[in-house]
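Chains: A, B and C, in written order; residue numbering restarts at 1 for each.
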Amino acid sequence: MSTFIQTVIVGLRLGSVYALIALGYTMVYGIIRLINFAHGDFIMVGGYTIIFTVPLVLALGLPAWAAVLAAVAVCALVGMGTEIIAYRPVRKKGTNMSALITAIAMSLFLENLAQAIPAIGPNPKVADQIFTAGGFKIGSVTFEYTTVITIVISAVIMIVLYMFTQKTRLGRAMRCVSEDKSAATLMGINVNHTIILTFAIGSALAAVAALMYMAQYPRIYTTLGSDLGIKAFVSAVLGGIGIIPGAVLGGFVVGLFESFTTSYISSSLADAVVFLILIVVLLLKPAGIMGKNVGEKV
Amino acid sequence: MKNNKTARSYLVNTLVIAAAFILFQVLTGLFGSEGDFKLVLVPSLWQCCYLILLAASLNLVLGFLGQLSLGHCGFMAIGAYTAALISLACERAGVFTDKAGLVYILIIFGCIIAAGLLAAVTGLLVGIPALRLKGDYLAIITLGFGMIIVNVINNLPFCGQDGLSQGSAAASLYKTGLGFGSKAKVTYLWIALVVTILCLTLMFMFVRSKYGRAIRAIKDDEIAASASGINVSSYKVLTFTYSAFFAGVAGALYACANSSLSTSSFAFTNAGILNSTFVVVMVVLGGMGSLTGSIVAAVIMFFVNYQIANGSWVAALPPFLNGVFKYPMLVYAVVLVIVIIFRPRGIFGTYEFSLTRLPEDVKKARARRAAAKAERKEAVSHG
Amino acid sequence: MAENKVPVLETKKLGINFGGLKAVSDFNIQIYEGELRGLIGPNGAGKTTVFNMLTGVYEPTEGTVLLNGVPLNGKKTHQFVAAGIARTFQNIRLFGQMSVIENVKVAFTKDVKYNLLDASLRTRKFWKAEREMTDKAMELLSIFGLEDAAELPASSLPYGRQRKLEIARALATDMKVLLLDEPAAGMNPTETAELLDCINTIRNRFGIAILLIEHDMSLVMNVCERIKVIDYGVTIADGLPEEIASNPRVIAAYLGE
């Protein structure tokens, strides 16, 4: 029984990291209908930023996790830069497929750029301890502080984000642009600004996810982004891409399945199981669990 | 008259290819045992062969059918492991003892064909469900299947030995019958060339028939294609299967040319060069919808990779540029974005090089440029 | 006299709902060989939806489509085409990157008999089929005066010729019923007149049945033998052009009450 509960907790922790990343995918997809393959690499960017700023932050007498603020800023800038330099020109001219290929190219670019920077290089780096180690016990089940903090912070962020999209002017503008770009323009919304804002928020979430991930696994490498990103993306598609609650749901589904496969079957099959679920869901409900099917107009 | 022209171009192409092949055989006979020829040129040709097949086969799906598949290397992995395992089984059963003679050659061909067929069957099984989805969803589901294939191979009990295992544990493939050493690569280079030429021919024949027309129509407009009586889903699955076959063959050639197999070489991305993303890069740069473009792109990119890995000029560069050239994907990523922005259909677009038509095309292109120039001039004088 | 024959195309109580909204209901029509029928109605009346049901793009929620008395329920678009119903689209849908003649050849695909082996080995069967296809395609193109443009990319044609090419492509499927969705939309009077000629030529030459959706009332009144009028998915009139022109419900629907 305690194994079971432990597995659930691990699943929730993984799930909340996936959900945070999935939100970034989903927000960008919702607004420009593009799988931002580079989004996973924003996590990597965030991770390295944290590694490099932690000593600085500690020297200033702040707690280590404060490095996330720098990561948020850097990731937001990288996200906005990607949109302005690569995605926008392609969106103007090209087809859906060329936008997708551009996204793959940007992902390659970020990964390989990181490897080419001497301070980063191809070998994994180990991060400092970010949150206080240890935990507490309830019955026979251990709750690590890191796990609890991860789940709580993710939940708070998700709720804030949901309120933001529902209640604020900017949030409404984002939803408006994702419904209909030209109508949004007519309503006086600056579409380009809204898209850039979406990228900034999504990338900032990736930075937070990087912190959560590194609090648990303090090891970072340049292709970390694509490994994590693919699973988070699966979460977004699973829940119904473009739908914010869908991303959260998908994140937890993927996290739980991965955790259960790892502890009850085999860790080497976890990826295959995650993809198998995606395939089954897509075949039964092509738009994801919470998605709506929209046919092409003839 | 038009028929004569077609017949003439078939004849010219066949003759040129045959002549090149014979010339090559002669050269191999003359210089086969010499240093650079044996150690650099021949291994390079092997690599070019499977890269060409890989790019051209993905182009059928990506360029002609217009569907983004991100798990192409998964099919290559199936081909490579199938070929290696069959040859291993044959050797253990004592079908051949030394790597020579007619029986051995037959086994190589058998491995290649089996590799293609198994990859094609997998392609069919993947394609039937996956191709019900479109665009982004298809991309992600093929990525998923690619990862599952690699994951499954990793977990097969009989793949973990004799150079078939994952990563560093790999012993030598030489033991398995395939995995040619540099001498065998020279001896059997003709097999790689014949197989590549044959497969490319089959792909050209496919593209220039009702099948090619149907899939290009599907790329342009699926709804109009089905309204023209095309069974869209079955043509999609057929193309996907056909493409997987050639990826499998490429995998078999890969198993011949490399001393060990590791599933990480067939992943979506990895630190190396061979992965599904790289194949997409080759196809896009070469031109989505141009088989000859894929061939040219594969050869050029191989050359660039080789130069970056081995060229003395790279070592002579100032240290801050070293990193850039150590990771050629960085350069490719930038080139890819630029190409997509300025030539969304790839460098050669749908243009096919042709031996018989080349002079004509050059003339036409010149005329077009001149016309454009005149137009610009006129616009300026009007403005 | 026509009443004794089996209609080529017939619908029985055809209807479709989109999430509770009845887009079309109780749509009944019989079209006989060689007949030219018009289907008109104000914007959003459900004309294109009817077409989409007649070609298997949408599956009707109720009723059946029958071709020569054979029901086509649950079939896919390409099977409707194989059975003998071809269409054009309101917003032209050509294969823009393919040449004009290839656009027509694509529509022959379903009737071409050679297989992958023939294509790979370039057998005699392959060459014969391809040659026949080219000849037939050129013949069709010449009916529409497009033979000079055969090798040009379809997207480079002017609007009027694109329309014609789309009709030629539909004809190439060897159909029995041709559905034309606003063929004169966006055409100037000269082009419309040319198109009229074309429609008459193909009807006389191929003896097929044609169902035409059109906004341009004068065109419908001039060419159609019978006209059906729908509004809000419901049939409000069916009859000869002169009856339709004086029908108060039709006038009300068009002018708005």
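Brief remarks follow.
Note that a contact is a pair of C-beta atoms (placed from the backbone, for glycine too) under 8 Å apart; a residue touches a chain by one contact, two chains touch by 3 or more.
Predicted model only: the values in this text are computed from it and were never measured.
Centroid analysis (C-alpha atoms only) places A farthest from chain C. Core chain by CA centroid proximity to the global CA centroid: B.
With centres set at the average Cα position, the gap from chain B to chain C is 42 Å. Note: centroid distance chain A to chain B, computed from Cα atoms, is 33 Å. With centres taken as mean Cα positions, chain C sits 48 Å from chain A. Among the residues of chain C, those touching two or more other chains are numbered 57, 89. Counting only residues that touch two or more partner chains, chain A has 298. In chain B, the residues that reach two or more other chains under the touch definition are 223.
Residues 55, 57, 76-78, 81-82, 86-87, 89, 93-98, 102-103, 105-110, 112, 114, 116, 119-122, 126, 130-131, 169-170, 172-173 of chain C touch chain B in their complex. Against chain B, in their complex, chain A makes its touches with residues 29, 33-35, 86, 89-90, 93-98, 100-102, 104-109, 111-113, 115-118, 122, 222-223, 226, 230, 233-234, 237, 241, 266, 268-269, 271-272, 275-276, 278-279, 282-283, 286, 296, 298.
Those residues of chain B whose C-beta lies close enough to touch chain A in the complex are 66, 68, 70, 129-130, 132-133, 135-137, 139-141, 143-145, 147-148, 151-152, 154-155, 223, 268-271, 277, 280-281, 284, 323-324, 326-327, 329-330, 332-334, 336-337, 340-341, 344. Across the complex, chain C is touched by residues 3, 202, 205-206, 209-211, 213-214, 216-217, 219-221, 223-232, 350 of chain B.
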